[in-house]
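We call the chains A, B, C, D and E, going by the order they appear; numbering starts again at 1 in every chain.
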Amino acid sequence: MSEYKPKIVALVCNWCTYTAADLAGTSRLSYPAEIRMIRLMCTGMIDQKYILKAFLDGADGVFIGGCHPGDCHYIDGNIKAEKRIGGTRNLLSQFGFEPDRLALQWIGASEGPEFQHNMTAFVERITALGPSQVADRMIL
Amino acid sequence: MNEPTDTIKSHAPLRPSGIKPETCMACGTCSAGCPITGMEGFDPRKIVRMVLENRDQELIDSKLPWLCTMCGKCEHACPMGINIINIIRDIRGQVDRDKVPGQIHKGVELCLETGNNIGLPGEDFTFIIGDVAEEMAEEEGFEDFVPPIDKKGASLLHTLHNKLVNTQNEDLVHWWKIFHAAKEDFTMTSENWEGVNWGLFSGDDEAMKIIVGRIVDHMDTLRIEHLMYPE
Amino acid sequence: MATRSGLEKWFPEFFEKHKAFTVFDLLVTYISSGRITLDKNLFTMKIAYHDPCNYGRKSEEKFGHGYYEEPRWILSQFVSNWVDLYPAGANGYCCGGGGGTMLTPYKEVRSHYSRKKIEQIKRVNPELIVLPCHSCHGQIKQALAENNMDIPVKYLWEIVAEALIMD
Amino acid sequence: MNIHTVIAGAGISGIRAAFDLAELGHRVVLLDKAPSSGGILSQLDHQFPDNHCGMCTLLPMIDRDKGPQFCLRKGIFHDHVTFIPSAEIVSVKGPAGQLSVVVEKQHTGIDPLKCMACGSCESVCPVSVPDGFNEGYSTRKAVFLPVPHQIPNHRIIDFSVCTRCGECVKACPVSAINLDGEARKLEFNPVNAVILATGSGQYDPAQSDLYGFGVLPNVVTSKGLERIMSSSGPSKGQLFRPSDNKPIKRMAFLQCVGSRNLMENADHCSSVCCMFAVKEAVMACEKSHDDLTVSIFYMDMRTFGRDFQRYKDQAETSHGLRFIRCRVHSVEPCENTDGMKISYVNDKGMYMEETVDLVVLSTGKKTGLTHPDFYQNEGVFALSDTFDFKDIGESLVAADVAAGKAMALGGPPHTPEQRIFDTQRLSKKAMPLLVLCQCGNNLSNDLDLDLIESHLSAMPGAPQILKLEQACGAAGFESIGTALTSSQANRVVIAACNPFLFDHKIKALARDAQLPDGFFKTLDMRSHVTGKTKNEQTQSLLSQIKSTVNSLNLTLPVYREKRTVTPSALVVGGGPAGLSAAFCLASAGIDVDLLDKESQLGGNGIHFSPGPEKNSLDKLLSSVTNHPKIRVHPATCLTRHQGLAGVFTATITTPNAVEQKIPHGAAIVATGGGQAQTLDYCASQHNGILSVFDLAKGLGDKTLNPLDFSKVVMIQCAGTREEPRNYCSRICCTKALLNAIAIKEANPSASIHIFYRDMMSYGESEKIYTRARQAGILFIPFDLHKKPQVAVNNQTIHVTGFDPVLQEDVQLAPDLLVLSTGIVPTDNQIISKIFHINTTQDGFLKEANSKWRPVDSGREGIFVCGLARAPLGFQEAMDEGISAAMRALRILGRPFLETPQVTARVRHSLCSRCQACIPECPYQARYLDEENGKIMVDSVSCQGCGACASLCPNSSIMMGQFEEKGIMDSIEFFLNEACP
Amino acid sequence: MMMYPLNSPDQGIVQTVRSMLQELLGKKLADAVLVLASNPWSDVPMPTLFTDPDRMEGVDPLAPVAPVSSARQASALTRSPSGKTVVLVLRPCEIRALIELVKLNQCSLENAIIISMDCLGRMENKIFSDEAKTGPGITERFLSSPELQGKITTTCSTCNDFLPENADITLCTLGAEPGHMGFEALTDKGKALLESLGFKKGDDLPKRKQDIAALADKRSLSKKELFDATALQMSTIDGFQTFIGRCLNCYNCRTACPVCYCKECVFLTDVFAHPPELLLERATRRGAVKMPTDTSMFHLTRLSHIGHACVGCGQCSSVCPSDIQVADMFRTVSEKTQAFFNYTPGRDVTEPIPQLVVRNGKRGD
C-alpha cells in the first residue's frame, strides 16, 4: 500500500474562497493534490446532504470555504452556512466522525496565501486522522 | 461689551502668511512640541488662548514670557501658522523694564550706557585684545598678527560677543585666525564693539534700534563696506 | 539676527551702501574661493552638528532663508564623519538657552528644556559637538556638564580655525 | 461598436458610473492611468462597518447575466463595459453628444493577446524595486503583476526601471514581450459624454519634517498599514513592525496629516481619515488579539456618518482604543530601540510622553491637483469634488450623479437583446461538446490529454471531444463555432486556461449557436488542476471535466420569465431628495407620481433663507411642478404598497379622502426628517434658548436681529451623539458656524462661545470653521462627562463650562443660547411598514448596504434617500435623490425584466408551503401567493444565492446551474476517481 | 393550574371523558372533535372526527394505543382556516408534533381546543388488540393494572415527557385513587370550558405529585439505559450500519413521522433517481454495493432535517416492516441535536426552528 492520501472535497463560495483559490493558482501557490474543489455561488447554498454524501461516499475530510462574516455577497449566506454546518458536524460526530474532518473557514478573495495555508493545514490534519471509517465500506 | 482695541491679539504681528492669532484651533501641536510645557505653568497653547481672551495683563505680570526660549519649534509645526514667538516678544516688551528678570534688561542698559552688555571699560577691552593677540602671535603662521581696531577703510567690520572678552578670551582667536589666513582686511572697534543685541530678547525696540544704529555709525565713520553679522 | 532685523527694519538704506554677511557666507566664500585651505585629516572623529534656532527657523521666517545647507557644506569640506541630530534643521531642538533665557534666573526650566537636546545627543553619541552660536555653546556645555557627559563642544569657526593650513 | 460614454478613472466611482450606464444599455469605455482597476480600493481589503470587503455587492443586480459573477477585485467584466488599463484621456473635442475622445494607452511591453501569464519573464528579471502596491513594504521586478489578484493577469513592464537587458524577452515562451513599443492613441468618436472620476491622490508625508516618514521605518501611512495587515500584503496579513518584524504592542495614529493645515495650504478636512483610523485600529486589535494599545491623536473625531458614532464608541469600549484630543507635534525615535516617542498634552493639560512601536499617519488628500484642460468642455462631467476623499457610499452617490448627467445627454433607449433559442436543439437529450485546449502543446508535460479523451468516451453521457491547439485565439473560437454548427451538441465545456478571458467570446458563441449562456462552461486547466505528478494532474482534470459535463447535462433551460415593467415611478416625499429624484426620472422620460403629505412641496427647504440653496431649490421646484411627466399629489398619503419590482401598485388617499391606485415600476422613498427636540440644557425654559435651525430661520427671515445679541453661547450635540440618539446629525455644526459668522459679521462686538464635542466641519466646510475662528468666535471643546451646565434664574441664562485649554471654568450669561439638537426622521415608522423595509435603531430607513448599496432598500425596486435615510445636507440630499433615481432607472429604463440564469425556481409539485424560505431570502424575493396558495420567487429580486435551496428539506427549490443532483454527482465523481 | 377532580364517577373514567366530549358538541362549545374512537371495522381505535354527539359511543382517548400519530390528522384538519372550533384530543407527543407543524405553517391552532392526558403510554397495535380481546374495558383495566402498563412500547416506557404542555385541558389519572380522575385546566380557555360544562374546582389529586415523580424517575432511568446503549451502537458508522442494515427503503418511517412534513420526500425525487450506469459504476469502484442504496443517506438526511424536531412518539419504530428500532436511534441522536441547538421541540410555537432562521432572528413581513 502506497502512502496514504486522503480524499478531500472542498465546497467553496464563488465570491471569496474560489477567488482566493484562483489567486493561489495564478500566484503559483501550490496546494495539495488531494483537494477536489466544487464551486458554489455561496456557502449558504450548501445543503447538508452534500456533506453527508461526501462522507458516506468515502471522503476523509470536507472543507467548506466562504466569505468572512459581513463579507458575503448575499449578505449573510455564510452565517447561515455556519449554523447549518455546525448542526451537521454535531450529527456526524455522534456517528464517530471526528468533528475535525469537517472544516469551515472564512477565506477572503484576496487571501490566496490563506487559501494555500488552510488547504495544506487541512490535508495535514486529515492525514494525521487517517482514513475515515467509511473507507472501503459498501454502505451508501 | 466692547472689545478693547490695543491688545496683544489686535497687534500681534502677523507672519508673512497674514494669519491672525484668532485662527488658532487649540489643537495642541505647540504645547505637545514645546519641551517646557507644564514647567511652571508654561503652555504655549494656553498663552495664545489667553491672548485671544484679551488677558494681556495676566501674561505681562507672569514670568511665562521669560521661560520661553523663543526657539520657534512650536510655530514650525503650527498648522495654522500662529506667530507665537512674536506674541511672546510682544508680552516681554510690555513688561515694566524694572521687572524684566535676570540680566537681559540690565545688559541692555549697560550697553546703552557703556557700549557693551557687560559694562567693560575701554582700557580693559584694549588690554584683553592685545593680550590675547600677543599670545596668538606666538603660534606658527600667525607671527605677524596684529589685531586691527578702528581701522579706517577696512573691508569688514567684526563685532564681538561680550563673553569673548569676558570669561572666554580663548575663543577670540578663531575668527582672527581665519581672517588672517584668508587675508581679510577686517577691523574691530574700540567703542561700542558689542555684537549682541539683547533688545531683541527683552522686547525693547527702542534700545535695539540704538544698538543697531551704532553699527551703522561704525560702518559710516570708518568707511567700512562689509559687515559680518554678529550672530 | 537682532542686528540684521534691526537693520532691515530701521536702516533699510544701510544696504544701499554696505553688504552684510553671516558667518556662513564668509566661511563658504573663504573656502570655495580658496582663500583658506583646511586639513582634511584633523577631524575624523564622530562630530554632531547642532542647528541654532537663530540661523535656522528664525532666519527662515524673518529673512526667508534658513542656514541649514551652508554649515553642512562647510563641514563636508573637511570633516569626514559628521552626523545630524534627529530632528535637525527646521524641526530641530533649541539648546534650551535661546531667547535670552541664559540671562534669566530660571535655570531649572532651562535644564529641563535642554533634556531634549541631551536625548538627541545621546542617541547619536558623538565625540564632538559643533555649532555656530555663542548662546548654544554655553547652554549645551552646561547641559552636558549637568548630565555628566564628557563631550567637547566647539564653534564651527573654531574647528575651521583649527584646521587651517597656513602656508 | 458605438461608445456612449468614456469614463476616466476606474476607481470605485468610475466603476459605479460605468455600471450605472451599462445597466441602462449604454456602451462604456472605462480607463485608468494605472495598469489595474479598483483605484485605491485594490489596496484596501477591508471597509468598516464590518471590516471586510463586499465590493462585489456593487455588481449589477438586474440582468446579472450581462455582468460578471465573480469578485470585482479580479476586474471589470461586463458586456457593455470595455476596460482599458494604463490609459489616459489626452483630448476631448467637439460638442456634447458628438465628442471625439482621444485616449493614450501606454505601452506595457507585453502583448495581452499572446501572454499566457506563466510568469517566466518575472522570474528572470534582474531588477528589484519597492512595490507600490504594498506601499514599498515589499519589492517587485521591473516586469510585474501590478495587482496580484487581477484578471487578466498578464504582467506589465515598468519601463522607468527596466534595464532593457532582454532576459524576459528570451524567457517568454510565446514571444509576447516587446521592449520597444510606444504608446498608442485610440480615438472614440462620436461619444456622448465623458466622465472624469480620476480621484484624489494622497498627501505625501515625506514632504514634512515633522513625522519622520521616510526616515523612521516604523512611521507608516494609513494606507501602508492597510497593506501591512493585508493578506496579499508583504507579511501575508501578519501585523509586524516594518523595521524588524517584531510584534507591535503600542500603536499611535496621528490624524490630520496633511489636512486642516493652513501652512500646507490644506484648509480642508479629508473626511474619511477618522473612520479609516478607527477601522484600522479595530483590525489591528483583532489581529493582535487585543494585545495592543492603540492611541488615536485627533482634534475632532469626525464621525459624521449616520452609523459612525456607534462604530467608534463600540471600538472604544470593546478594544480599549485611546482617543487623545491633541495634535502631535512630531515623531522622534527612541534611544536604542526602533520605537518612537510621542509627546502630547492630555485632557488635564499635562505634558505627556509615550513610546510606541508603530506610528500611523492618517494622511489626507493631496492638494493642488488640477483638472485637465477639457474639464469644462460641454459633455464632460467631473464627479463632484473629484479630488476629495469620500466614504464609499458617498462616492457611489457622486458617481450616480455624474452618470445621471451623462445619461441626460441621451443614449440608446434600452433595447434588450432579443435572444433566439434553438428550442429544438435544446429539447433534445443533453449532448455535450468538450473543447480541450492543448495550449500550443504547452500542457503535454503536465497532462495526458489522450488518456482523458479515452476515459471520457466511456463515460455515460459522453461528450463529443474537440481538441484544439489553442482555444483562446480567434482560430480556436472559429473551430468551436464550426463544431457547434456541424453537430447537434447543445452543451459546451471549454477546458483551457484563464477562463475569465473567455467571458465575452463565450457569450458570442452562445448567441450564434442559439443556446443559453449558461450551457457553456469553462474549466481552468492551469490554476485549478492540482497535483504534482502528471498522473495526479491528469486525474484531477479528468474528474473536473466529468463533473462539469455531468452538471451541464443536468442543467435544464431556465424558464425565463419576462416581466413587463410599468414605466413610471412613485416618489414619496417632495423635499430636496424627492424633488431631485422626480426631476431626474422625468428627464429620462419616465412618468412620475410625486406624493407629499404636505400641501406645499419643498420639505425642510421651505425655510431656507435667500441664498444659493434657496435659489437652487426654487429652480428645482419650478422644474418639477412644470414638468409634463410629473404628476404632483399634494396633501396625499400613501396607504398601501404592493407588488414586485417593475410592477408595483400604490394605494393613495387624496385630500378629499378618495382612494386611488397608482401602478408603477419603482418607488423612491424620500419622506424626510426634521429637527429633534431635546429636554437638555433647559431647552424650553427661556425664550432666549433656540435651536440651531430656528436661529438660522430667524436670521434668514429677519425675525431675529443679530444686533439684539451681545453674548451668544452655542452648545453642539444637545441630546444627540449619545444614547439613545447616538448619531451625528452632520449638518448642525456647519449651521452653527454659519449662524455665528452671520451674527459676528453684523455685530462684531458680540461675543460668541461655541461649546462643541467634535466640530464636524468635514470636507470643504473646514473653511467655514477657519473663517469662524478668524471672526473671533471662541470654541470650547467638552466631553460627555463634562457637559456645560445651563440654568435659568430670574430670567437670566447661566452657562457654566470648562475650558480644557485653560483648565478653567467658564461662566457665561448669554442673552442667546443656541442648541444643536440634531435631526430625526419623520414618518418612517409607518412608511417602513407600508414598504416592508427596515429601519435603523434610530428610526432612519436602512439601506441594503451603507457602503455598496447606499440608496437601495432591502427590496428591489424600492429606494431610499434623503433625511429619511440619514441626516445630510441640502446638496447631499439632492444628490442622493439622483442616485436613487438612477437606481430606479435600471428597472424603469427597460421594457421588461428577465430571469437570470442562476435563479431559484420552485417546483410547486414538491413544495409543502412551509414558508421557511420566505424569511431566509436575503433579498425578500420570496413570497406566498395567497390566491394560488403557492410559494413564489420574485425572479428579479432573487440573486441566486441558494440559501432557500439548501434550506428546503424536500428539494422543491431548484437553483439554475447549481442543481442538487449535479452537485451530488460531482461529489461522487471526485471521491471515486479511477486512476486512468 | 386548576384541578376539577371527579371522585368515583358512576360511569367510570372512559364514559366520563366520553360524556364530557359529547357535551362539548352538544352545548355547541365546539364544532367538531377529533379523538381516538373504536369502530366496528378495526381492532384498534382510530382517530375519528365527530360533529354529532350521538355518534360518539366509541370515543376512548385514554386507550393505550395510537395506530397513527393524530398530529398528522390534526394538521390536515387545521391546515387552512375553516372558521370552525375543533377539539383535538391528543397525546402529549402529538401536541409537540403539532406545535412543530405550526411553526412550519402546516397547520394552525387558532380555532383549536386541545385536550390531552396523563400519558401512560401506548401498546403496539397487535399487543393492544390481543389484550383488548381478553375482556371488556381494556382502557379502564390498563389504567389500573401495572402489568398491562408494562406492555407499552419501548419508546413509551422510556419517555419522561408524559405530561402534556400546550394543552387547554388535561385528563388526569395520575395521583387519582383507582377509578377516580380529574380534569385540569391549563389555560383560561380550558378553565372557561370546564366551568361552562359545570365542573367544580377542587383540590389537586391526592397523590398526583408523588405519582408523577415516581413515574418520571422510572421512565428517566429506563430512558437513560436505552439511550446509552443506542448511543454506543451509533458511535461508529459500522454500528449505525448494522442498526439499519435491514432497511428496505420503504419510507414508512417518514410517512408515519408526524414532523416529517414534506409533501414528497426528496428521496423519492429525481435527486436520488440513479440511472443504471451510476449504480454499476458505484459497484465497479467498490466491487460490491449493498442494494437498495442510499439507505444510510436516507436516515442521516432525515436526522439532519428533522432531528431537532423529533418529539419521540415512536411511530417510526412501530411502522418499520423490518423491525428496525428507528425511534431509538432518532431519539438518542436527536436529544443531542436538540441540546446542541438549545432547542426543545413542541415547547413553544414562538421558539424559532434553529436551522432555519438566522437573519437576526427577523422574519420578513
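Please note the rule applied: a residue touches a chain if its C-beta (ideal position, glycine included) is under 8 Å from a C-beta of that chain, and two chains touch if they have at least 3 such contacts.
Fair warning: this is a prediction, and the values are worked out from it, not measured in the lab.
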Labels of chains that are neighbours to chain B and to chain E | D
Shared chain contacts [chain C and chain D, defined touch] | B
In terms of Cα-based centroids, which chain occupies the most central position?
-> D
Would you say B-C or A-E is joined by more C-beta pairs in contact?
-> B-C
Return the distance between the CA-based centres of chain B and chain C, expressed in whole Å.
-> 15
Taking each chain's centre as the mean of its CA atoms, chain A sits from chain B at a distance in Å of 77
Cα centre of chain D to Cα centre of chain E, whole Å, reads 54
Centroid spacing, where centroids are CA-atom means, of chain A and chain D in whole angstrom = 30
Could you check chain E for residues that touch two or more other chains and list them?
-> 266, 282, 305, 355, 358-359
Two or more other chains are touched by the chain A residues 48-49, 53, 76, 80, 84
Which parts of chain B, given as residue numbers and ranges, touch two or more other chains?
-> 73, 77
All pairs of touching chains?
-> A-D, A-E, B-C, B-D, C-D, D-E
Tell me, which parts of chain D touch chain E in their complex?
-> 460, 833, 836, 909-916, 918-922, 924, 951, 953-956, 964-965, 968-969, 972, 976, 978
Residues of chain B defined as touching chain C within the complex | 15-16, 35-36, 39-40, 42, 63, 66-73, 75-77, 85, 88, 101-104, 107, 140-142, 156, 159, 161, 163-164, 171, 173-175, 177-178, 181-184, 195-202, 208-209, 211-213, 215-216, 219-220, 224-231
The residues of chain E that touch chain D in their complex are 104-106, 261-266, 269-271, 275, 277-278, 281-282, 285, 305-306, 353, 355-359, 362-365
Hey, which residues of chain C end up touching chain D in the complex?
-> 86-87, 89-91, 119, 122-123
Report the residues of chain D in contact with chain C in the complex, numbered from low to high.
-> 209-210, 212, 215, 330, 332-333, 335
